[in-house]
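Each of the next two complexes has subunit A plus one other chain: subunit B in the first, subunit C in the second.
And then the complex of A and B:
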C-alpha cells in the first residue's frame, strides 16, 4: 500500500512516524501536567485524603498569607539586584576583554570556568566562605586585617545579597561570552568610520556599540531575569538548617512552593503558587521584551 | 624592512608601522592586569574548594592557599564511604542517557519540522514552542503525582523522564537543519535512501557542531540538576551528586574539608571536560545561546 502513495503522501507518512513518540511525550509530560497543575490549584488536597474543590480558596489564602508577600518581595529583590548587577559587570568585562589579544583565550577561560560548576557544590563552598571566625574564609581574612566580623548568612539584611552573590558569579561567564559574540558581530567599518571622524571612545560606546548591541542585551536581560526569578538551588543549599531563613529573609517563591508541596503536602496551595510563578515569569518577560525592543 | 622603504615607504610598510600606539599600550597593559586579577578572583572559589579538599583538618581554617602538607586523605575517606561513588555513577548514567535521548529526539523533531511539509506542522511547531513558557516548577507537582501513581519514584526513569526531550534543543536543531541544503536530501532520495536513512546518514553528520553544543548543554544541565532529583528520590542510593552533596553537607558535624571534597568531586568532571574541549565548548555555548 505504501508503494502506491505519491512522494508527497509518503513524506506525510514519514513526518508523522517521526513525530509519534515526541507528540506523546509533549502531551503527557508537558501539556497534561500544565493543565493538571492549574486544576490542582483550585483543589484542597494533602496527598492522602480526598481531593475537594475549593474554587479560589488557595489563591485567597495566598493573598492573605504574610509569608507569601515577604517571599514575593524577596523574589523581586533577587531579580532587581541580580539582573542589573550581572548585566553591568559582564558587559564591562566583555567590553575590555574584547580589546585584548594577549592571552585572550586564557583570560576568557578564567571568567567562563564558574559557569561549568554545579550550583549545589558552589553554594556549599560559598556557605563555608560566609561562616563566622574561625571557620569562614571571608571573616578570617577580615580578622587578619583587623576589620570587625560581618555576619553574612545569619543576618536578615545581609543574607539575601550573600545568597545572591554566588548565583551572579556563576552566571557571569555565560553572559560575558554572549556579550563578546555580540561585540564581534558589530561591523569593523563602523568603528573605522568613527575613528576617521575623530569621535571619542566614550561617544563610540554610547552611539555605536550599545545601540548595535541591543538584541544581545535584550537576550541577556530576559534570560538572566528568568534565572533570578526561579532561584532555588543556592538558597536551599546555603540555608538547609533553616530553609529560606533567617526569618524568611532569603526565601524565594520556588522554595515556598517546594516547602508547601513536599514539606507540608499542601498540594493545592503549592499548585496555586506555581501558577503565580508562571504568571510572574510571563509578565516580566513580556514587559522586558516590550520595553527593550521599543525604546 | 628593505632599504628603499626608508626613502619612500610602501603601503605595506606603512601599515606595519605602529609608532603612534605607544601611549595606548600603557592602557592595554593596565587593562590586561586588571582583567587578569579579576579573572583570578573569579576562579578563587574553585581554587579554594580544591585546596581545602587537599588539606588536613588542622589546617583547614588557615587562609593559606597552598596546603602545607597536601593529602588525598579526604578523597579516600569520602570515596571509601561509598555513597559518593554511587551518586557519581547515578549522575553519570542519568546525564548520559538523557543527553543521548535529547540528541536523538530533538534533532529528529527539529529535522521533521524543518524539512517536511505536512498537515499539522504549524500546530506542532507552536505547541512545542509554547512549552518554553512553562517553568519546570509548575510541572514538578504533577510529575510527582504521576511518578507516585506509576511507581517511578526513586528510579532512574523517574529522575530522567521529564528531560528526555526539550523544546530548546528542538529549536536549536531546527535552526541548524536550515543550513543543510535541500539538494543533498533530494539527491539521497533519488539514490533510494528512505527518509530515516537520509536523516541519520546525510543530515545528521552535517550538523555535528550543533549536536555537540546541544550535548554540552543537556549534559551540564542534568549533571547539575537539583530540584527534580531532590523531589523524586527518597533513598540515599538513588541520589544524584547534587542531591547527595546537599544531604551530606546537612548532616550534623560534617567537617568542611569533607564537604569541599564532595563539592570537588561533583565539579571536577565538568571542569576537566571544559579545559580539554575549551574552544569547542565556548563556540557551542555561543551557538546555543544565540540561535536557541
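And then the complex of A and C:
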C-alpha cells in the first residue's frame, strides 16, 4: 500500500511517524492537564473527595482575597525589576566579553556556571550570605567597614530584591551566551564601515549594534519575563521557615498556587490562580512580541 | 584627490608574514587594481591603506603625508566592502548619510550631498527604501554612494562585485569605470578576477604570497608578463607552458620539436616556452606542437580545443568556430615567434 503513495504522501506518512510520539506526549502530559486545570478552577475539590461544581466562586474569592493582590503585585515587581536589570547586566557583560580574547572561554564558563547549578543549592548559599553577623557574608563585610547591619531577608522592603538577586544571577549565564551569539552574527564589515566613517563608539552601539540585536533582545525579554513570572524555587528555598514571608513580602503567584493546592488542599482555588497566571503569561508575552517586533 | 604610496610595507600575524615589503606608487586619479589568488595579501594591503589594520613595518602615504598612525576617518579615504556593509535597518538615505555622521556640515548641506550622490548614481527614487527592498546591483550602488558622499581623496574597493551574478557584474564593472572617469578620484580596487582587473584598471598590480609579481598597464602584463605566474594568471584560458632547452640559436622543446625563436642565450639552458591559446594556430606560423584533439569546447565565434601533446601534456588552442577539428584528429599548431614567451625554467622569470 505504501508503495502506491505519491512522494508527497510518503513524506506526510513519515512526518507523522515522527510526530506521533511528541503529539501523544503533549496531549497527555501538557494539554489534558491544562484543560483539566481550567475545568477544576470552576469546581471545589480537596484532592480526595468529590468534585463539586461551584461556578465562578473561586474567581470571586480570588478577587476579594487581599493576599492575592499582594502576590499579584509581587509577581509584577519580580518581572519589572528582574527583566530589565538582567537584560542590561547580561548585555554589558556579553558586549565586553565578546571583545575580550584573554581567558575568554574560562570567563564565559564562570558566567554560565550559575545557570547549571541547582536553584535550591544556590538559594541556600545566598540565604547564608544574607544572615546577620557573625554568620552572613554580606553583613560581615559591612560590619568590617563599619556600616550598620542590613536585614536582608527579614525586612518587608529588602526581602524581595534580596530574593530576586540570585534569581537574576542564575539566569545571566544563559542570557550572556544568547547575546554573544547575537553579537557574533553581526558582520564585522558593519563595524569596519562605521570605523572608516569615523562615528563614535556610542553611535555604533545605539545605531548599529542594538538595532541589529533586536531579534535577540526580543527573545531574551520574552524568555526571561516568563522566567520571572514563574519564579518559585529561589523564593521557596530562601524563606522556608515562612514561605513567601515576611508578611507575604516575597510571595509570588506560583508559591501561592503551591500553598493553596498542597497546604490547604483547595484545588479549585489553586486552579483558578493557575488560570490567572496562564493569562498573565499569555498577555505579557504577546504584548512584548508585538511591541518589540513592530516598532 | 591625492596620490598614494606604499613603502616597504610588511604585515605579519604571529609567525605568518602576509606581506613581504610592498612598494607601490599610485598617481593622483589613477585606477589601480590589486589582483591575485586568495591569500596573496591584496585584501590585507587594502585594509592597511584603510587603517583597519596596523602595519607591522613600512609606511603608507596619502597625499604626501604618512598616515600610519592616523585613524581611518582622518585618512580621507572611503571603502566599499564585499558584502556592501549597508545597514539593513536603515533606509537608503540614512545609509548614504551615515558616511557624513562625523562631518561638520550642516543638516541642509548634508541633505544636498546625499541627494547629489543619489542623482549621480540614479537612485533618487530609491532613497526611502530599505536595503531588503533593493536588488543586488542597487545595494552595490548604495554602498558606493555611501563612500562617495564623503568625497574622499582615495576610494578603496574590496572585491565589491563578487556577490553579484555574472551579468550584473559586467554591468557594474562598466558603471564603476564610468564613475571613475566622471569623478576622477584615485581608486584602489581589489579583486581575484583577472577579467575585472584587465577591463577596469589603468594599472594592474599582480600579487602572490605577499609579493608583488608585476605592476603594469593591462596591455603590459598581458603582452609582457614578468614571470610564469603572471603569464598563467592573466588571460583566459591560461597560457600554455612547455619546457625545453636552448639549442642551435633556438629552443629545443622536450617534445623534440625545434622552435626557431631568436634567443641569444647559452646553449643547454633550461627554459619554459609560453604561448597563449589565442596565438596558437592550426597549420600556420612556425610549427611548435603536434598532437591529437581530446576535447572541444565550442564558444560560438571560436572553439577551444584541448590537444594531447606527447612530452608536453594538455595544450589549449583556439580553432575556427565553424570548422573545428574532430576529436581524435591529429593537428599541428604553430605560432609567430613574436607571440612566444621565454621564461627561465628555474626562477620562472621572463627572459
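Note that the second predicted complex is superposed on the first by the 270 of 295 C-alpha atoms of A that agree within 3 Å, B and C clash if a C-alpha of one lies under 4 Å from a C-alpha of the other, contacts with A are read in each partner's own complex, and residues count from 1 in each chain.
One rule holds in what follows: a contact is a pair of C-beta atoms (placed from the backbone, for glycine too) under 8 Å apart; a residue touches a chain by one contact, two chains touch by 3 or more.
Remember, predicted model here, so these are calculated numbers, not experimental data.
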Of the two partners subunit B and subunit C, indicate the one touching more residues belonging to subunit A.
B
Looking at A:275 after the superposition, I want to know if it touches subunit B, subunit C, both of them or none. Which is it: first, second, both, neither?
first
Could you tell me if A:30 is touching subunit B, subunit C, both of them or neither one (first, second, both, neither)?
first
Pick one for A:193: touches subunit B only (first), subunit C only (second), both, or neither.
second
First, second, both or neither for A:264, with subunit B first and subunit C second
neither
Going by the contact rule set out at the top, does A:208 touch subunit B (first), subunit C (second), both, or neither?
second
Doubly contacted residues of subunit A, that is, touched by subunit B and again by subunit C:
none
Subunit B to subunit A touching residues, read off their complex:
28, 31-32, 34-36, 38-40, 42-43, 45-46, 48-49, 52, 61, 63, 105, 108-109, 111-112, 116-121, 124, 127-128, 131, 133-146, 161-162, 164-165, 194-196, 199, 220, 223-224, 226-227, 231, 241-243, 245-246, 249-250, 256, 259-260, 262-264, 266-267, 270-271, 273-275, 278-279, 282, 285-286, 289-290
Can you check the complex and tell me which residues of subunit A touch subunit B?
8, 10-12, 14-16, 18-19, 21-23, 25-26, 29-34, 36-37, 40, 93, 96-97, 99-100, 102-103, 105, 107-122, 124-129, 131, 134-135, 137, 140-141, 144, 166, 169, 172-174, 177-178, 181, 219, 226, 230, 232-233, 236-237, 240-241, 254, 257-258, 261-262, 267, 270-271, 274-275, 277-278, 281-282
As the complex stands, subunit A meets subunit C at residues 187, 189-190, 192-200, 203, 207-208, 211-212, 214
For the complex, give me every residue of subunit C touching subunit A.
50-52, 71-74, 77-79, 81-83, 85, 87-90, 98-99, 101-102, 146, 150
